[in-house]
Each structure stands twice: as structure tokens, then as C-alpha cells.
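Below you'll find a set of structures to go through.
In what follows, chain A forms one complex with chain B and a second complex with chain C.
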Partner chain A sequence: MTDVVATNETILVVGGGISGMTAALEAAETGKQVVLLEKNPALGGRTSQLYRYFPKMCHPTCGLEINLRRLKANPRVRVLTQAEVTGISGSAGDYTATVKLTPRYVNENCTACGACADAVKTEVDNPFNYNLGKMKAAYIPSAMAYPQRYVLHPSIIGTPDAEAAKAACKYGAIELEQKEETIEIKAGAVVWATGWQPYDAAKIQPYGYGRYRNVITSVEFERLADPHGPTGGRILRPSDGKEAKNIAFIQCAGSRDENHLRHCSRICCMASLKQTHYVREQHPEDGKSTIYYIDIRAIDRFEDFYQKVQADPSVTFVKSKVARISEDGNGNPVCWGVNTEGYKRYSNPHDLVVLAVGMEPSVKGVAIPANVVFDSSGFIEADPANGAVFGAGCASNALDVNRAVQSATAAALRAIQVVNKVARAEA
Partner chain B sequence: MSANQEMAVRYKNNFLKEVEQQVEMGEWVKMCMQCGVCSGSCPTNFHPGWEHPPQEIFMMIRAGKREEVLTSPSMWMCTSCYNCIVRCPRKLPITHIMHGLAEYAYELGLAPKVQPTRNLSKLFWSNATKTGRINELTFSLGMYFKDAEGKINIGQGIKKGLEMQKVALGLLKAKRLNPFEIFGGHKCKDQKGIHAMLAKAYALESKRKGRHVG
Partner chain C sequence: MAEEKKFAAYICKGCGLGERLDADKLAGLAQKEGKMQVVKQHDFLCNADGVAMIKNDIANEGVTHIMIAACSRRAKTEAFYFPNNAVARANLREGVIWIRPDTEEARETTQDMAEDYVRMGCAEVKAMTAPGGNVNTGSNRTVLVVGGGLSGMTAALEASKTGYPVVLVEKSGALGGWAAKLWKRIPVHEPFKAPADTGVADMAAQIAADPNIKVYLNSIVAKTDGAPGRFVVSIATESGNVSTEDIGAIIQASGFELYDANRLPHLGYGKSPNVVDQAGLEALAKAANGGPILRPSDGKPVTSVAFVQCAGQRDSTGEHLPYCSGYCCNTSIKQAMYFKDGNPAIDTTVIYTDLRTPGNGEDFYRSAQEKGVIFTKGKVGSVAASGSACTVNFHDLILDDQNAQIEADLVVLATGQVPNSGINIDMSAEEKADEAAAEAAASEAAASSAQPVQFSKKVSVLNLSYRQGPDIPQFKYGFTDSHFICFPYETRRTGIYTAGPVRRPMDMVQAREDATGAALKAIQALENAQLGRAAHPRSGDLSFPKVRIEGCTQCKRCTVECPFGAIDEDEKRFPLFNESRCRRCGTCMGACPVRVISFENYSVDTVGSQIKAVDIPDEFSEKPRILVLACENDAYPALDMAAMKRNEYSAFVRVIPVRCLGSVNTIWITDALNAGYDGVMLMGCKHGEDYQCHFVKGSELGRYRLSKVGDTLKNMNLETERVKDLEVAITDIDNLPRIINEYAQTIADIGMSPFKGF
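On to the complex of A and B.
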């Protein structure tokens, strides 16, 4: 059994992305005991899947590394990966969470040498690359995964591949007999930081995502631009591997739409503006970006970033939400619509179309095992009825990394106040 | 004072308000965020008669371009395919607004005189409301023998009738067309009641919108 020491003065943080890590660290650094749960085998969440951040265009490696160092230095945070909360009972100051732990089949002896991956033949979809590429069924989730330990994909357990991996390991790190287990964790307060998921672009029928291979989403585009991604950082279009130089970005793909997501996802305008940099950097001579937009929402200080992109001659702005996409004989997606500036019709072929998909809260429509209030978009609302379950980051609103960190710090502070009260009552 | 002048005076410089109160579903116009999906989704794409796409019409309403909007043939070009309603991110009932605008323009006497949709609608309405049943024979004859301006044109009627001869014979054979319909045809039992009901509905509608019963 996995041993976790927790009392009703412990803060339970659900979700190990940038928000959950921040909330856990902020609370732990004030002296509180924290248990941090992550569903995936590594921390970092969607932030770690970005190529770069806006507005400073730095790599997530940097921001995450600082947090990982804080985490390693702090004995008060207990991190559990491959852990999912299945139930929460009790009330503010006295919760008990039921947590399901799925096996990694690799123990702490792992040195991340990679011998198991060499031995294994089976390949599986790579979720870190949004399934754009394959990986070995013995894998390390990403280059900067924390913990730096390999994982065996459950599909090979019981096959000769698993035995081969075990035989290849010189450190006795592979434990094929690991079983799923369920544990209970006491907590005084819970920070719910389960983040977001990209809106399912296939639901936007006229855009043909899923039907046209050269229509991709903005999160997939991040992986194409990343040197650790499936194409080694070259922006190649999925249909024929041709270099994509003339790229369209479609804003509000799913957001601000009563038929899809009601809310403005806030990050997509900046994400597309940022991604035009990737195009220009790869093709300084003949790279072309076209942004189709309703209105650009580069909030507050991001206005400078927007103005710089506007001044870039390789970027064209078309004030129009694309009505539909078709495909021409060469596999080029063609955007159809009417330009609001002059009401002229257009049908423009591009090498690649990137849908700036909206942020859907991961908690939307999911029966999360806590009694919390949601807003009309499915985000967790701050409400007294929630007791001491606090939404943080993108579970509470559509936020960029910077604002998610602010939100997580606020949630940590609320959680700290609850456990302080418990401590005073018990003293 | 004509109905048009009266409305122009009543809603002086506030065409948006006029549309909101007088046009069916007109209260939705202000919800448009000018994304352009309706225009881009319209199957009349690149048709020269579709001068102003819906998105532009909504903006013109807000800009107070009363004369230009109400005399425009654009909303009469709507084919009622409902693509725009399905795709509108704000769920505006665009098709219904187009029909509402056309109806209002007609009511004020501003609708373009030479407009096939207008003539067809008028013919259909008078045909259907006369007996309470649509008379397909007189309706199609009406279509053949009336020109774009709604005037009788014998030569055109005979020419079109001959063009459609084969179809007509086919319909006769299949018993889908009854030549005796020319003598009045099938009708509702209570025609007077139908006329009274329509007159009452018209009076109620006019009262609700503050219009004079013409």
C-alpha cells in the first residue's frame, strides 16, 4: 500500500499542472502539509506541452524548472502521480478523499536510462504530442517529466514485451506485479486544479477537422513547432509532409459561440499571435500567416505584442470569422467567408489551417466528486456552497499561464485560512 | 401621410428602434457581433442580386440607413435555407429577420417593385387566402401570365405554358393536376370564417405594432 500521512490540517491539491503545482508550493512554503495528485504519470500538465509562452516567448522548460526545484526542495509536498480522486466526503476542515492509483509498473530504482524502451517493440499513441506521433510502450512522458521515471503502457502488461522490458532493466526497477489500489486521504481543504482540455474541433462541422488532414488545432501546432515534437520542430503538414509556409489561423474556433463554448477562451488570440512568430522564424523569407478574427482580444499589456505582430509584413489580418473550409485538389484547405471590412467575399487556399480552439474546463459535465457550483460554461464558481473546495487555474476560468498562477495562489491562500482555523480549534 | 412617412417621423433618427418594434424578430439585430459567418454561409454566394449580406444589413440598421435597407432587394433574395441560423454563434434567427424586414418594407410600400420573390409571395398569398386552399392550376397560370412587374402578359404566358407542357401532361396522368380546378377548384367549407380570421389577425398585428389598418 502507498503510505500517505495526511490529517485534517493537510491541503489536498487535485491536478499537477502549473496551477496545481503553484497552489501546492505556495501552501507548502507557508509550512502547510500538502498532497498533490496528478492523473498523468508526470507533472506539468498542458503548460509543458507548449513550445513557448507568450508574451516573452520563453520555453516552458524555464518556468516549470523553477517550480520543480521548489518541489524537490520542499519536504512538505507529497506528490502522487497516476492518481485520480473518485470520491470526497465530509465538510470544510474535515474531508476524506478516495484516490485511485493506477500502476506505473516502474519503481523508484529507475534511472531513466531507457534500456526498457530499447527492448520493447510495441508502439502506442503519444498523448504528449496530442497523438500526432507514436512512442514506445515503455516511455518517459516528456523530456522534462517529473518524476524522471519510465512508465510501462498498460497494454503490454502480460505480453512478452513486458518481460523483455523487465529483462533489460539493470536496476530491478520494473515491477510487473503492481496492482491498482485505492487509498483514502484526509484533508482540511481541497484545491481543485484539473485544468482544461482543447475543445473538440470535430464538433465544428463546417471546418472539417478530422475530414481534412491539413486542418489542425492550435495545441497540435505547438507540438509541430517544438523540437521535441513529432516533426523535430519543423512545421510539416500532416497530409503529405510538405513544409507549411502559408498558414491560416482561425480565431474563436468553438469559443464565443452559443453552439459550442459560450465563453471567450481568452488565450487563443495571444496564442495565434505567438504562433505567427514560429512561422516567421522557420521561413523568414516566404513564411505567411493569415489571422481570421472577429476582434483581437490581446488583453491589457499584451497590446504591445499585438502591435508588433501587426507591424510584421508576413502577417495578414482578415476581420472575418471563416464560414467554412473546403479542400482543393492539392490537399490545400480553402477558407471561405466574407470580409467584414468592405463585405468582400473570399476563398483563400492555405498550406495549413490552424484552429485556435477554445478552452473547455476539464470539470465540465464531469461529475466531480465534490459538491461545487459551476457557471454556465462549466467552470467552478467561487461560491460559499463549495465549502472548502476551491477552484484554481483553468478549472475556475479560461486563463493564461500567468493568470492561472495568480488564481492558484489565491486558492492556496483560501485553503491555508481553512486549515489555520482547524489548527486553532484543535490547539 | 403615408405609412412610410408616419413611421419615419415616429422613429426619427432611430432606425434600430424602429426595426426592433416593427420587424418580426427585429429585437435580435443588436445581438450581431459582425463575425460574418452568416454571409459566408449564404448559398446565394456571389449572386449579383445579393447586394448586402445579412451581416451588412444589420450594421446598416444600426447606422440608421433606413432608406437603403428598406428599398434593398437583398432580404428578398433569401432562400430560407437556414444555414445562417444554424451557424450563427449568437443564435440570431437571421432567416426570420430577413423575412421580417421584407414584410415591413412591403407594408410601407418601399419594397422593390420588380422582384420575383415579392411577386411570387403576393400571388401565393392571394391564391391561398381566397378559398383557404391553394389552387395549383390558377397559381401556376398566374405565374406564367404575369411578368416581373406583376402585369398580365399573354405572349409570355403562352410561351411558358408550352415549355411546361410535358410536365403538365405528366401531372395530369399521375392525377396530380385537375383541369376542372379552373372553375374555382376545391375550397374550405367556411370561407367567410377564414377571411374574418385573417382580417382579425391583421388588425391585432397592426394594433400591436401601432400601425394603421390600411
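On to the complex of A and C.
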């Protein structure tokens, strides 16, 4: 049983990535009661899967550590993981959210000692690494996972592996009989911060994602560079484990394209510029990056970062939308197209191609179980018709981390305005 | 609080601790050496039963101070949450058994390690007090907003809507700022196809009608005194009136000036009235009021217009703005539509190098293309203006034509935003001299020509009566942005937040979002100040610095070094702590040479007594001792995560987390060396331009102090290797154990310290 004390002075935050965590913490640190829901077993969202941030080249886990410490110190935030909102009814100041809770099969007795993982034999794809590499079916989602508790993958429930995990746990933490449950949570206001997902690169048919193993996405590339990732931080190409030194970055993979995503995803230029640093970091002598782009959108002081990368002799910029990718006999992806600066044709082989995939909302438009106004890409628009459901972070627009956090902070204030009004009315 | 103290130690035997360690021995140590009055062991301390045991001891046995020997202080925080007690954690799991091999040979040194952590935990908790919160608080709930442009108006309206009174100060005679000068704005709603109404008049009307918002026009902030919750602000009005307002928190929305187009004579500005900047075009559009836009030179309708993007921006020569202002591409698109929407026959060309229309701006861009606006990728070299005609000379990057030309009736220069951020308090003496010279030259030029010069002497926006200077420290290019990606509102002046283009170049959509967020932060700051709690990043922390003023030698290190400008000097030149401005990083404590500054739960003593508690085996034991002082935010979690991977490292290290490298007092190092430690490792965050220290200057100041440790080593006749300063990132899960082991080897090579046993 999950008992959550919530009233119409509670702020419900949906999504436990950096935007949702920010909205929850900012509201709680202003003295409000918050329920924070996350559909995955741990908080952190997509930023926790990045190796470094542009333009400082610092680590997202550093900020996550601070946010988690804020959370641990703040009893006003109630966190529910593996929780998905299936419906929101009511109106501003008086909402009821229906929340589906999927079982973790592990209760709060878990000490994260890891004995269950040692006992389990089954391996499953590791979603934290975008399924590059496997993990045990009893797993802790990441080294920074909060709650710091193991999870049993549903695929082993009912198998001897699950029993083995249960037998290995000395602390009575494994509950194989857990079932999905549905609860209702009261709230005065809702911050909808369900974030983004990478555009499905397989839909960009000419680029061969899914057909050519050495064509990967920018989010996958982050995992390859991260010491916590499947290769321990070495950039190895998927087909043969060879070190990738000559890497192509293809901008607007899905974005700025009416056949795919209409909008510009804002972050992808900077992300690729950042990723050229990973290449140089690992191969200072013979690393080579090529960026195929339409416009480099290094907005405001990020321009500095762009100019530094431009000055780097190991990075080449080609103004071109790549027409297609093929594969040569050695498993090297080959980029074909025309450099529009001077109209020169090219067919360039690379060790690895990284598609700078666009951002789309994780929960798009009509799929949001509340009456909200959204744009043609499915992002929530600010509109009085939304009542007290406020879009935050990448649920509201394609944003970088900085702007997503601003947006979440603003959304937290809008939510506070509603619950303060409720409080005044009740006082 | 002079309440009776009662110390209790709880030793967990779960997660393999019971099997790997001699828990009875640890318990004995806690009692005999640690002087704990209650010592209990538990098979599974973090479960409901274990926690109930501790809670019962607090409630019924009078336990006030708790030492938990179990897992890392980062783990099981919900279970071990005792907010009203002093709590120390001895990290036996991630700090000992997970980083040591489970072998017979390793057993003794692993047990040694655990014993020391228990000694250290006991010593720490004995030196701690549960923090009671700052009592020197103010409870003012009014938000001051400085600047009545779009950002300031937004902040004022949003704060008022949340239920807080607002004082809004605007230096000009009307609200609205730049936004009020616009004919239309960039659209913010689907379908993002056409310019939209600015909404500024409506906002100004809302403010006028809001009894919760008090507006001062033609006014500036003449003086800001105090701290969050109790600021006292003098507001001077042009007429000579000075009013005083009590304020809880401040939002600085002082906006921007457009980059002075007079500095772009090569682009024709000043040579022909038909070369205007974007603000100039807005004025023409307003004057046209929906009719045809007229050419300034002769009042004839414009038939062709060229937009020069990045005019005086993205400049690598050092002469103009190096950054991109972000909004100007969309603004030129909007302005091109002013022409096209009225008369599709007007030629409109936007000359750009990279067109930057993020998000739904892409639809706006597409709409302009559909309306027939021409976009040409090129670099403009010059604009020649003779009579009423202008010629734009550019390098066409697509056709690679160096001598491309466009003739136009009107040329619009997309110049950028220059922040109104007041005085750069971090400016060095030389920079100040340079600026003074430039200002003198500019005013001379202004005197000798009829040209208006915008480059006026910088005046303070806030006039803070802070020891460290009158304005918010600037980040880059004069903008007052936070340096932190995850924490855009992080500020170096507690309770004062900047919003809008003073912070970062931005458009109206972003400015409104930014100002709304800043309003939250201001409200949060005053609420927390009232409760005696810290602001970010140690939000909610109730500890605050206490000074034994009679011991102070007035060296001023604390007042100079505080990264947040929290400490002033009183009339007798003693440090005057403004606790509500303090962020609890401990930099002052690290800086103090006479060690009179401490926090209730973090002090020279809480760390020093841990250092002293470690058992130092004799010179012949082959058991060196290495002290590690690790930043709690990055290095310590990296060590924890290394342990989760079961990366092994030397059993000779003893790790103490510190709030920040800046809080490290060199006495700890001297004491450690004197006590016979063989080496000291300091692990802090990256400093320098891309610093990662969450207390801004903490790690840099800490390192500066440590650079002086060499003298200590020399005086003690010790090798320089005995103190090692490391920059550590949270991802160093594999590097860090390796570096520790290499360092342990270095210590083994240079030999044991001769200071043991004294």
C-alpha cells in the first residue's frame, strides 16, 4: 500500500528529470507540499545519462548530486517512482490525478547491497545505456540512482531467477507478490514535466540507423563516452569494438524537417560541438570530427564555445544536409551529399556516424491526460485554458538544461500561486 | 542550548559488515575511546526495527548525539533522518568493506580502517551540536523589483499574484522598457506565422490597477543595506525625494542597452539616415502605424530593405560584441514581415551567417520564406550609403562570391544587447584604468562631435552597502548570469536575483519565463531567511557561522574571501556577519588564521578532532596513514560510486568529507603532519574559468591557501609530496582509486613520516 497524504494545497509534479526535480524542490523549499512522480525506477531523467554538459564540460551528475541532497534534506517532497499519471480530473485548485504504480518487487528494506544481482543469472538490455550493453535482471538503475534501491525486471517474475533473488536477500526486501496498483492523488496544481525523448532515428530512412550498426544517435554516443557506460568510457564502435577516431556528426537528424520534426531542437548543435571534445580527449593525435550542418545554432555566449571548436584543426564543418548514408566493405558508414558552400559533392567514409537526433516531447499533446493546449510538435503551450496544469522544461519546448530549469522554476511559481490562493480561501 | 548531551553509537552489521568486520571490537572502541554512553549493535540498522531502536533512545533515553557506523552518509538518508539531533556517520560500507578485498591478508588492515572510522565518527559527533538556525533574521515579505521593462513588470506581477507586496523602481518616466518601443513581437502561439501584439500596455495597466504593487517612476536605488528578510532600500526620485522601503528580497531586472551602432560606421550607420538599427526600424514601424514604412531620408515608402545580421556581434576581432544575442534573427524575420505583410512587392533580404531560430522559431522562419523573404548566407563587409540609396557589400558564402552586392532603400543592422549590470566589482586596477581612459575618450569624442554617445560612465544599479562592492558580481561580458548549468538562479548575493537580458541575452518569451522564475527565488529567499535557513545550495541548512570575536585579529581574510559578500566590517573593523546572506560553505572558516569561526555542526574542531582520533601506528608498522579531505559534492560521491563498482583502494587512507575545499583550514593539514600522518590528499572541484565549485570561489581559495603549505612542509623538513592537491570530478570513479593507490605507493617510496609518536 502506498499512502500519500495530499490535499488541494499539494503541488503534483509529473516527471522526475531535472525539470521535475527542480520544480518539486523549488516549491518545497518555498514551503509547499509536493508529490513528485517518476515513471522510471529512479529520478534523474535524461540529463543523468549525459556524460558532460556544454559549454562548461562539467558533469550532470554533479548537479544531480546537489539536487538529490536537497531532496534528501526536504521532507516536504514525497517521491513516487514507477508511477504514471493516467488521468487528471477536476479544475484549478482541486485536481485528482489517477496514478498507476508498477511493481519494483523490492521494498524499502533494500540496502542496495547487491546480493540479489549476484544471485540472478538473466541479463536484460540496459535502458540507462540506451540498450547498449546488458545488465542483470536485478539491477540498480545507475550509480546515482535515487531511491538507491534495486529493481527486479518484470521478465524474471515467476521464474527461478526471481526466487533466487528473493533467497539471496537477507533483509526481506524482495516482494515477488507485488502487483500493479492504481491510486488517486489530490492536488491544487500540476506541473507537467515529462521531458523529451530522442526522435526515432530509424524513421530517417536514408541514414540507415538500425541497418548500419556504426550509425548511432547522439544520446548513445554520450553513453559511450561516460565511464559509467557500456564501454567504460571508451569510444568503441558497435559493429566490431574498434576504436572510433574519425567520427561524423549529422545535425538536424529529424529536426527542422516537416517530414519529421517541424521545430529546431535547439540543443543538438551544441551537443555535437561538445561531443567533438570527447573525440579529441580520447585521441588527441589522430581524432577527427566532421560536423555536417545547416546553421550552427550556438546561441548567446555559447558562441565562444563554437569559435573554440572552429579553431580546432581536428574538427571540420561541412554546410550540408547529408542526403544518405551507405556502408562500405569495412563497416564504415559513408556520408553522401553536397557541400552547399561552393556546391561540391562528397562521399566521406567515417568510423562512426553520430546522428544529432532531435527532441520530441515524451508525452505528446493529445497523450497528456489533461486538457491542455499544445503546439503542432506536441509541446504544451502556456494558455489560460490549461487551468492549473503547467508545462515545464522540455514538455513545454525544446530547451537546454539551463532553460529547462528556468522554465521549471517559473512553473513552480505558477503552481504556488494556485495553492496559495486555495490556502487563502480556506484560511 | 545548555541541554544535557547524551552520546550514542549504533553499529550496523548488515550488508556484510558483520562478516567482514569485528563488530564487538568496534563497539568496544566506541565505548572506551569514543566515550559513547550508549553503544548498540544491530543486524540491519536501517530497517524499521533498527530505526525504531534509535528513535526510542532519543525519546526515552535522552540520546541527543548519534553516531551511526554503517553505510555512506549519502545512503539510507530517509531511514537515518534525525533532524533535531547531531548525527555523524562512519562510512564502513562504501568507505571500507566495498573498497577492500575480502581476503585473509586484507582482514587486519580492513579492520584497522573500520576502527579508525568509528573513532572519527565518535570524535566528530562529540564536537557537534544540532544546529538551531539563525536568529538574526528579518521577516519582511516585500519584493523589490529594479527595472520596469518587460522582465521587471513580469516579476512584479507574478510576485504580487503569489501574494507578496512589490515595490517596483523604474528609472524612466514610464513602464515598458524596450518592449514598449516595439511595433509587434515575435509570435508565441501556434501557428507561429505572423508578428503579434506585444501585450505591454496591458501589463502596465495591470500593474497600475494592482494595489499590491507600488511603483516609483523616474527613480533609482540609491542605497541597499541589510540582508534577505531585512533589506533597507533608499529610493531616490528625480525630483529629489528619497524614500526608504523595507524589503525582503530583490529582483534586478535592469535590462540592456542596444549595442551602439555608432561604433559600426563601416556598416553605414551615421552616414545615411536610411541605415538604422532594429530599434530604429521599430520606431519607423510605429510611426507608420500599419501603413507603409517610410524611408527616413526622404519620407518615400521603402521598396527594398536589407537586414544585416550579427552587426557588431559574434565578433572575433575584439572590437565588438563577441557573443550572439539570440533574438535578433527572429527580430529581423519579424521586421521583414512588417514590409511583406503590407506589400509583398517590397524586396526583403536577410543576410546571415547562421540563422538561429530555435524551437518554434523554425515555423516563423518558414513562414517568412513563404512570404517571400530572401535569406542569403553571407558575411557583410561594408554598407555604402550615398544619398537615399544604400549598397550592402558582402561575401556570398553559397556562391563563394566575394563581391556580392545588394541595393536597398533601407538597411537594418541587427545589433545586440549590452547588459545594464552596473559596476563590475571584480575588475582589476588595470581594467579600471583602461575603462576610465575609454570613457574619457568617449566623452571627449562626444564633446567634439554632434553624435550622441551611449557609452556613458557605468553607474551602480543596486548601490549595495556591501564591503565587496555595490553591485552583483558579473559572469561574462557584463552579464550577471549564474555560472551553473543546473542552477541558473544561483546568485552570489543571497536574496538578490537578476532576471531578463541583464543576465543573459534573451528574447521576450525567455525574459518572461526568467522573471517568473526569479520571482519564485526571491520569495523563497525571504521565506527561508525568516526561518533562519540557508539558501541554495545548502538549502534548509540551519547551521550558520559563529565567531568568537574576542579572538579575531582583524586580518580581514574572511571579509575579503567570502564568495557571497556576506561579511562586512563594523565600525571597529571587526567582521560583521550577515547570517542571512551566508551560504554555509565555510570559506571564512577555512580562511581564518586564528580559527575563531565555526558552524555548530561543522567546525575546525569537528574535522580536527577526527584527524586526531585516528590511530597512528609507529614508524616500523608499515602502516602509513594518509588523510583525504574530500569535497562532499563531487569527490566524496565519486569515492562512493567507485565503491559501488567495488573498485579497490589503499587501506591506509582516512577520508573526511568537507563542505568545500574552501572550508579547509590549513591547521588541519599542519595538525595531521604533526600527528605523524604520512600524506595528505585534498580533493576539490575544478577551478578557473570553467570552475565547477558550487561555492564559486571556494575551491580556488582553498587551493591558494594550500599553495602556502609548502612552507610548513619545509619548516618541518618534510617532502613536498606529503601534501597532494587534486582536482576531482564526480565521474572519476575509476581514476580516483588509481590515483589514491599511486599516491600510497609514492608515500611508501619516500618512507614513513618521522613525526610519529610525538
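Definition applied: the second predicted complex is superposed on the first by the 425 of 427 C-alpha atoms of A that agree within 3 Å, B and C clash if a C-alpha of one lies under 4 Å from a C-alpha of the other, contacts with A are read in each partner's own complex, and residues count from 1 in each chain.
The definition used in the following text is that a residue touches a chain if its C-beta (ideal position, glycine included) is under 8 Å from a C-beta of that chain, and two chains touch if they have at least 3 such contacts.
None of these values were measured; they are calculated from a predicted model.
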item	value
First, second, both or neither for A:412, with chain B first and chain C second	second
Chain B versus chain C as contact partner of A:320, first or second or both or neither	first
Chain B versus chain C as contact partner of A:206, first or second or both or neither	first
Touch count on chain A, higher of chain B and chain C	C
Touching partner for A:284 - first (chain B), second (chain C), both, neither	neither
Partner chain in contact with A:256 - chain B first, chain C second, else both or neither	both
First, second, both or neither for A:384, with chain B first and chain C second	neither
Which superposed partner A:329 touches (first chain B, second chain C, both, neither)	neither
Partner chain(s) touched by A:63 [first = chain B, second = chain C, both, neither]	second
Contacts of A:18 with chain B and chain C, given as first, second, both or neither	second
Intersection of the chain A residues that touch chain B with those that touch chain C	256, 319, 340
Complex contact set, residues of chain A against chain C	18, 25-26, 29-31, 47, 51, 53, 56-67, 69-70, 72-75, 108-109, 111-113, 140, 143-144, 148, 170-171, 226-228, 232-233, 255-256, 262-266, 295-304, 307, 319, 340-342, 375-377, 381-383, 397-399, 401-403, 405-407, 409-410, 412-414, 416-417, 420, 424
Chain A-facing residues of chain B, complex	33-41, 45-46, 52-53, 55-56, 86-91
Chain A - residues contacting chain B, complex	206, 252, 256-260, 294, 319-324, 336-340, 343, 345
Of all residues in chain C, those that touch chain A in their complex	14-16, 44, 46-47, 71, 75-78, 81, 83, 158, 161-163, 188-192, 314, 316, 322-326, 352, 354-363, 366, 377, 397-398, 400, 476-477, 479, 481, 483-489, 504-506, 510, 513-514, 516-517, 519-521, 523-524, 527-528, 536-537, 539-541, 633-634, 637, 641, 644-645, 685-686, 690, 692, 694, 729-734
